[in-house]
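When the chains are written out, they are named A, B and C in that same order, and each has its own residue count from 1.
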């Protein structure tokens, strides 16, 4: 069979629609997971030891086990205890928890990277802790974490492909399906790969633009 | 004689773990007085200075500063710090704010001064430290000496009664040391009460009313700069001065 | 939660799970080593004096890092039989190739960063001593870059352990696939995958500790 990209072009709309689902589940899990990540980070810094252990354990468990196994547990395992989630919600739940564990560590690193001298200087000017955090720590911390957060967003997007294994109809699932139908493996996966790559590149590019616009110091 | 001392420290003891860095310090700074703390590194001078506005806690002794008792557990640290300006060795200007905003932030947020007044104060102070043209610049674009002048102006914007300087020129390139010392000298001439930890012996000799020589956590001797520099009484002072001058 | 866990027959199912874990460890080791070699070559390629070499290295590292590992594995799984119709390829080999290509791109990026982190003065000093390009790389740049690359390299190895679970999708019998096969027999996915997750944790967590220890030693 000769290489013929023209033969698979009619399927582009199907791929784009599936890409939409990949993006949807990524964006949702990123935002919900990042908010959850803030709480996990606060848990790690809590004065209550049990809360610290819980947050620490959560981070270590999700960082040291594969997303695929987590999705199997949610999709195949939870029904045993009466929790039934469809492929979309299962993928969303798994990715959200995963993202929370990673962003919690990113936030910690970002806040710790703000020089202690700035915090001292704010204290020496009579600023309260909450004022110091809001006016002095927050912006430099966001600047410090933005590259890592962007990276995490891209990794999360790429791993949304794992949802295909529990039959979420996102891009990878659509590609496997089209591959079976057309048997044009090279063409299908090349176009699919380019779609993934372009989306990642757009995410990385917009983050760099935002950085230049937001942080002018 | 009648005015109480601006800073009065009595028998200050401070330890970091097993290491005792201050071993019973007595020090006094009167109103409008400039006191320089000199001594080898590790002698405890910076730690003593940082105790003065509660950046460091001490285990034993008493400090009163601008009428606030730092020893009392009810002392509101933030209230003390409104009256006490501090300048750090590493400037610690806020990198994400324009120079002007660096000067306006604390007066607005801590003293609740209006924006217009904060701006007016800030511009006047920038004029004083010779940086009016840098008001709308990010501090990262400035030289070390300029950043330190911004830091001094930022502390002055709170209209403090006392200024503490923690080795303000130690992190500077030699050619920018002078401009910072000039600003400090002008401040002293206006009558600001100042406590300065420094290695600039020329500045101490010229500007200080009194010099405290510290070594190994104690004040070895103190007196007018002329006496300390030209006629030191203790061997440790002599040894230190012979190395540094 | 307790009942399904108790119902898991460790005596019957641990041996196949441990065999699967062995395959996972083997795959990660093999592709980790291959990926490091690819990574060093392409990492140096990113700073090569020849522009086309730089472009090639850059396209490989950036494209692979912009697509999911699952796409790489599925592509190889379907494409290799089309390219070599008469060869019989074990799925484990396909999995290893896919993971190596994947690891190579990330390792190359890590090495590129490490090479960049070396102060320019080091290169200038090498030049001033009259070392040529290869000598500079061999004696000045690489030894320092490798040291800098260890913590992020270990970090990626952890990611590789987890990514390797996806080889189960292309029928390689790793830990995850062993778990799937067992659930088709015991119909206890919750207990089975909890044990699978625990085994992954046992493989991955020591790497996390190692990375943290090394970083503390560097600091």
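The definition used in the following text is that contacts are C-beta pairs under 8 Å (C-beta built on N, C-alpha and C of every residue); 3 or more make two chains touch, one makes a residue touch a chain.
What you are looking at is a predicted structure, and each value in this text was computed from that prediction instead of being measured.
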Chain contact graph, described as a line, ring, star, complete graph or other shape: line
Most distant chain from chain B, judged by the mean position of its C-alpha atoms: C
Centre-to-centre distance between chain C and chain A (centres being mean Cα positions), rounded to whole Å: 20
Separation of chain A from chain B, taking each centre as the mean of its C-alpha atoms, in whole Å: 47
Centre distance in Å when chain B and chain C are each reduced to the mean of their C-alpha atoms: 54
Of chain A, residues touching chain C in the complex: 1, 60-61, 63-70, 72-73, 76-78, 80-81, 154, 158-162, 164-165, 172, 175-176, 179, 185-186, 189, 192-193, 196-198, 200-201
In the complex with chain B, residue positions of chain A that touch it: 115, 117-118, 120-128, 131, 135-136, 139-140, 143, 215-217
Chain A contact footprint on chain C (complex, rising order): 1, 4, 62-63, 65-71, 74-75, 78-79, 82, 158, 161-166, 168-169, 176, 179-180, 183, 188-190, 193-194, 196-197, 200-201, 204-205, 208
In the complex, chain B residues that touch chain A: 53, 55, 77-79, 81-82, 84-86, 88, 90, 92-97, 105-106, 109-110, 138-140, 151, 154-155, 158
